[in-house]
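Note that chain A is present in both complexes that follow, paired respectively with chain B and with chain C.
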Partner chain A sequence: MSKKYDAIIVGGGHNGLVCAAYLAKAGRRVLVLEKREVLGGAACSEEVYPGFTYSVCSYVVSLLRPQIIRDLQLPKFGLHVLPLESTFSPYPDGRSLMRSADPAATRREIAAFSPRDADVYPMFGKAMGQLARFTKPIIDERAPNPMSWKPRELMQLLKMGKQFRELGDDLGLLQYKLTTMSAVDFLAEWFETDELIAPMSCSGIIGTMLGVKSPGTAYVLLHHYMGEIDGSSRAWGFARGGTGAISMAIARAAQHFGAEIRTNAGVSQIKVRSGAAQGVVLEDGSELDAKIVISGAEPRLTFLKLVGEGELPDEFVTQIKRYKLRGSSGKVNLALDRFPDFASRPGIGMHVRGDISIAPSTDYLERAYDDAKYGDFSTRPFMNIVFPSVLDPDMAPEGKHVMSIFVQYAPYHIKEGPSHWPEKREAFGDAVIDTLSEYCPTLKESILHRQVLTPWDLEQEFGLTEGNIFHGELSLEQLLFQRPASGWAQYKTPIRKLWLCGSGAHPGGGVMGAPGQLAARDILLQGAC
Partner chain B sequence: MGTALVIGGGPNGLAAAITMAAQGHQVTVLEARSAVGGRAELLADTSTVQPWTVKSLGLKLEWSDTPEWRGADEGGVRPSAAELPAVLAWRKEVDRFAGLIRSLSAAAPPNIRSDASLLSLVGPALQALKLGRADGLELARVGPLCAQDWLDEWEIPRNVQSTLIAPALLGTWMGPQSPTSALAVLFYTALSGQSVVGGMPALLEALVDRAEAAGVAVRTESTVTAIRVKDQRAIGVELSDGSQLDAEVVLSTVGPKATLMRLVSARSLPVGEAETVQHVRTRGVVAVCTVQLTAPLFGGAERVVVAKDNVALERAFDDAKHRRAPRSPCLVVHQRAADAVVHVFGVARDRDDGWSEAGAEHLRSQVCALLQPHGDEGAVGALSLLTPADLEAEFGLDGGHLFHGEFAIDQFLSFRPHPKLAGYRTAIDGLFLGGAGMHPSGGFTLAQGILAARQV
Partner chain C sequence: MRTTPFHPRTSELCTSFAWKEWAGYAAVCRYTPHSEAEVFAVRSTAGLLDVTPLYKYDVRGPDAGEFLAYVWTRDIRNIGVGRVVYSAMCDEDGWMLDDGTVARLGPDHFRCTSSEPWLSWFLKHARGFEVQIEETTDSICGLALQGPRARAILKGITDFDMDRMRFFRVRKTMVGGVPAWVQRTGYTGDLGYEVFCANEHALQLYDAICEAGMPHGMVPMGLDALDVARIEAGFVLQGVDYITAKSCLIDGLKSTPDDAGLGWTVDIDREPFVGSAAIASERQRGPVWDLVGLEIDWEALELMYASLGIPPHLAPEACRQSVPVYDEQGVQVGQATSTTWSPTCKRYLALAQVRRPHHHLGTELFMEYTPLFERQKVPVRVVEKPFFDPPRKRSTPGAAPVSVPAPEAEE
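Up next, the complex of A and B:
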């Protein structure tokens, strides 16, 4: 009996949609099932407060693979990325630092802190750009499997080895340091000013339960030099209409190619018979069959909840149970009556047309981490802020603003236990607003509405287990051929006909779309459906 | 064969001297202090001394089983956890990797720079193959973990974990929750075996005897102030009294930073060479205490970690990390017949408020207060304490770090202290590095001096 669908994709997040679009484009009959009413998973936009659109969770885009944008013709389906123009860091003493795409202006700004660092900054950018060129193929290819003797695997390993050799001694060493050192130690080899090192280092901790001085955090710095928007590298961007607009563009592309998408269709179980996936059971009890099932959900949720331990080899269950999630961040979205000026640099200038880091010193960031280590949210957290309404006036009524605040640390595992987060939600929101008010004195009186998302909320609402925004820590032992489990990093799973396509698969989290694309590529290459 | 000077009369200095003397060099050891011994005075753990070094040096020493680490806190000394099934299972896991780690510690690290002969990679590659690919992958998985996560996987209780983790942290700049601290614990545990009978004093005595027998001249109270370099070649040293000594080989066992940034003038180094060591991370986290005892502490247990659990260790590390006065240090204690060597973990070299006599005095009283409840009244006698700042000033330890440099993934094996220096050679002909800041790392192995001397 022929099945109605070639593939059922669990979860309508951006990766699930990318995977669906590629499969549909290749002529496969695809069904995407999304639990929520809104598509996009954690990459969604919602009008939570009338007239104001929030990018509820994910709020910037940089690594969305250019090839995906081209292949799926996303601009045709409504994708419009507005580049973030600067990175701004205010300090409590009234000074501030803005780095922008203008090298001369950036030089002047940094020179006010340290002329030496101003000289080094472009050199650093150049070195990182070279490393980014080495690393990019890694996120554009599936992870090699060092356990396999297959020619394709060996060739890929050899190719990586050759590319590494071609970097030469100095860059090769730099790459090694970047992969193993802490963000602060790595940057301190280049720069002397803590005010510069601190905001630069914090890109290494976003989404992880680590501090800027924890080994292994330097690697993510590179992501800042890998972004590509409209062909220009090193830019972060914001999608017109919010991050959800990206998901919607991908969804429209998928539908255009023939994929079927259902919302309010939560999957409660992946049906397995004789070690092979048959289809899914929906929350309403109905069943759907397909040749293959592809899960865009996070691995622990996929295997331990939707599949069930009983269907899986013990060794694999152990690996998945060990898989570290440990969400560490929250999100506060504000609807504002008027723009809240930064005391150190008032007005709506270039400095608020990018992202803003509250990361005044490396010690400050470590103290924020210390709170989290012992099971509390940071009383004075690290924050990364964007004003979407400044870039895209449609996000709020005229003259009014939305403010997107990414907050760390908000550890999922608070000492009272994660289910106690709802009681702490407002106190957490207050800590954020109180800290921010030190930089924006008029903030409090301009707030019309406040949405506070704790890691508990991210789990309950978006299926992000333990509130981890990347579907699993981007730590060394959970990358490449070990994501999500050693030997199972190529989208296949121990269950035949069950595949992974979410951020819990290589190359990991962020609005990249790469896991979805690479999964679809392997599924098609292997003729799985 | 010509004349060789060894800077530093610590265990590595003596070992290097003995090795070079056996090669036919005429060797003089220059020690700044009034007696040889160097770090031997600061360390007590001989369990990580690699037996091959003792054999290579021809030392006559006996070995005996090493007593287990015991945990202690205000509730008293905890029962030994050595027989705990979870600990036994974990030890078995460590044993799987011990062969590779010990063999890596018995040779110069593989040269990973592209001008290297691929032959140097053959040995470790064979050892790694012996492990099998599955085990190799497991090593790649475990290495980046934090120690606590790794031991959690083995279901070892957290207060037992702290006794297994603390001794390994002394060589790092990490807490139990720092990523890669699992690797430090793995290395320390894999390197540990039997201990030298008579401990560090017996080892030092054997080294001194052997050096004497080998015809090594030892000059104490001879502080080297500069390494003389001519045409990028070491030609000798200058001493603090202004006198100069000539030599064809200079082997320094003080820290790589002290050697290349202080003893060698910047003018003698090729461009960019000083920078290679400048960034080596050497943040000391340990103060060393010697305590006279009139009666045994801890019910006579020889090796004790005074820490309630991992949180206590982590908080101690936080103090060092934030460069503040230690609030709650943890202790790693080696108790001997009449005294104890106590490593105080969580003590920053560079305190923001600086080290003062009052600061050191306060730390002494903290150590006293932690020890006293574990013995009879009056058991704790005179207590001398060296802060990391003292360790740097008096023993030439880079950054006051007990091991001349932090154990870290980017500072071990072929990366210790820096890939350009990992082969014990420097950019200056005839100048070698053979101190604790070199490979192998992970514990006191006595290997660096010998491996460096073999490069000569």
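Up next, the complex of A and C:
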């Protein structure tokens, strides 16, 4: 029987779309199936309140691989990334700190807290930049399998080892510390100012159920120094039109290359016969067959729900059940009647043209984690804020604003049980607004609409199991050859003809597109379709 | 960007609107659309330059001299009160971090200037020394008054007898009614002074110097003219002629003091200091590079232009684009890092880092030159620097004839 499609991709998130675009570009007949009406998965933009566009979930972009932008000609299809200009941290006592691309200005800002730290800051940046050069190739290659004796795997391991040696003793040791220490301990080796350490340490905990003082959190700091926009190392960018604009550009590229994309087409089952994927069953009961099925969905959802435990080896099922999802964050999106000034630095200046961290001290962050450890959302959470409308006025009507607030901690496993989240949703939203009002006193009266997304909502609406934004924690034991399960980290699965291309595969979450691209590359290299 | 305390005056005088960033401050490139007049002023009357953005550190305490001798390459312990020295600073591996001046303002009080911030570096190395280190970059402002009339200008407004102030000396005195430190130093290789005072007195100082200077033909001077003057004087610029090791990702970009032509600032025969072991072992192996002066063969250049049917056309200001330098076989042996036509010497000059032994005076080399988008090579020769070194730079008319001080204490 000749099949209409070479590949069916489950989920129209950015990785599924990237994978589809690469396969279509290589001449394969590809179908992407998206459950929601909107493409992009967690990388989507939606007009939730009339006139206001929210980047509903993911709100910044850093690691979208430059080769994907080039290969898929994304700017031609509407991708326009604006650099985020600064990182701003207000403190409850009225002081504030803005770090920007201007080294002299940043130096002065930090010097107001500690002249010594002001000098150290660029040196830290240089060291991290050097480590990032070592780490970055890792996200551009499939994860090598250290248990294998195959020449390809050995060569790749050897190359990594060589790159590590080239770091030299000092940097090699630093890399070792980075992979073992907590974000706060690691930063405290460099800096003396808690007001600086606190906001810097936050990047180590985003999306994890860990605290800034938990070992292993330092590693993710490096991701901040791996970003690149326009060929230069820069931290973060914002896509014009919101994060969904990235997915739409990829989707247009995929369609341009011949991929077919269907929305409102949720997959309820991946059909498996004799250990091989045959196609999918849609929620409406219709069936579609293809040579291979590629899942962009989160691994636990893919294997335990769409495939079914019965089709899988016991050991693999155990691993997937153990795979740490433990969503820890929520999102609040606001439509605002006017700009809510920060008491410590009023006005629409450079400080609000970047991301804003509510992380006044390391103790504050650890207390926020304490709440979460025992099954509550943080009464005073860590927040990372962006004003998309300041960077792209088209996101809101003239003079009005959109505020995107990433909130941690909001543990999926609240003590009442995850299904009780809907009852706590508004209380969680209130905690966010109340905390934020301490920094923006006029915030409450300017709110026109508020969207609160709890981890429960992220799971129900976006298929992010347990609300984990990265399809699984980005902790070291779940990265590289361990993602999502040992022995199955190279996009293949125990089911023949079923592949993975989502953030639950190497190199992980974030709007990188790398899992989608690397999966497509392996699928094509191995002649799977 | 910040503005210096002189900004109310300099911004009014800067009719070209040409500014650039210097260590986070807005600094004037040239006051009028062409910087040529400012270059000529430095060599014939005087130029007045705002040098506030220099990083400044005040180091006090019984061990201040010991400490500074430990972090700088010069043996600063030996300099007397009222003396200033030019020095290099290296990291533990002997790579250049910066160059600058260290002035001894009192028995236990020194002030250093540098092109990069070093507070954390100083604090890291101050362990075991009884010193207090204070960064005064943003509280003390400075003006460089450079040119043959500089002494005459200051004479009228200074309490101290300027005729008696010798080269590389510093004195606390009143200037235009303002308490200030006057240093006979500068970055132009001419007779000149640098005057520092507390920020609150900035405008009074500026006005006093302007009032005294105008009758002498003094003009305000920007960084473009300074760049030409400092190349004529053979002075290297951090970030252009060598790069601070702090910001180099690879060793290949770093320079030792010998590589940067600053080997003479290293007092190696003394107790160990930061980088001394590495410098000593490099010297045993023999340094690889040297920083030399090059003169471009004008006749050859004229012929090159003539072959294209046009007269020679040179950039109106100094060029900081590094260009390859080749030996006779066409092998690249270095790079010219700063190039300028010298209006004073009427020679086309460059500072270049070249592999030894191509550094010897008189060595004939070739430099890449690109007239009309076409890559060519022009003959150059290693020549003595400073290219311009007038006697007035060091002369002290009012001093009793004394024995000539040792040269290493004088530069």
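Note that in this section the second predicted complex is superposed on the first by the 529 of 529 C-alpha atoms of A that agree within 3 Å, B and C clash if a C-alpha of one lies under 4 Å from a C-alpha of the other, contacts with A are read in each partner's own complex, and residues count from 1 in each chain.
One rule holds in what follows: a contact is a pair of C-beta atoms (placed from the backbone, for glycine too) under 8 Å apart; a residue touches a chain by one contact, two chains touch by 3 or more.
Just so it is clear, the model here is predicted, and its values are computed rather than measured.
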| field | Combined model on chain A where chain B meets chain C, clash or fit | value | fit
| message | By the touch definition at the top of the document, which applies to A:108: first (chain B), second (chain C), both, or neither? | response | second
| request: Have a look at where A:477 lands relative to chain B and chain C in the superposition and call it first, second, both or neither. | output: first
| said: Per the contact definition in the header, classify A:263: touching chain B only (first), chain C only (second), both, or neither. | reply: neither
| Between the C-alpha centres of chain B and chain C, what angle is opened at the C-alpha centre of chain A, expressed to the nearest 10°? | 80
| Of chain B and chain C, which one touches more residues of chain A? | B
| Touched partner set for A:373, first chain B, second chain C, both or neither | first
| message | Under the stated touch criterion, which partner chain does A:163 make contact with: chain B (first), chain C (second), both, or neither? | response | neither
| said: Per the contact definition in the header, classify A:120: touching chain B only (first), chain C only (second), both, or neither. | reply: second
| note | Overlay on A puts the nearest Cα atoms of chain B and chain C apart, in Å, by 6
| field | Common interface positions of chain A, toward chain B and toward chain C | value | none
| field | Complex contact set, residues of chain B against chain A | value | 113-114, 133-134, 137-138, 140-145, 149, 153, 174, 177-180, 279, 281, 311, 314, 318, 321-322, 408-410, 415, 419
| request: Would you mind writing out the residues of chain A in touch with chain B in their complex? | output: 146-147, 165, 168-169, 172-173, 176-177, 180-181, 185, 188-189, 210, 213-216, 322, 324, 363, 366-367, 370, 373-374, 475-477, 481-482, 486-487
| Residue ranges of chain C touching chain A (in the complex, touch as defined) | 1-2, 21, 23-25, 117-121, 123, 135, 138, 246-247, 249
| message | Under the stated contact criterion, what part of chain A meets chain C in this complex? | response | 102-105, 107-108, 115-120, 122-123, 126, 129-130, 133
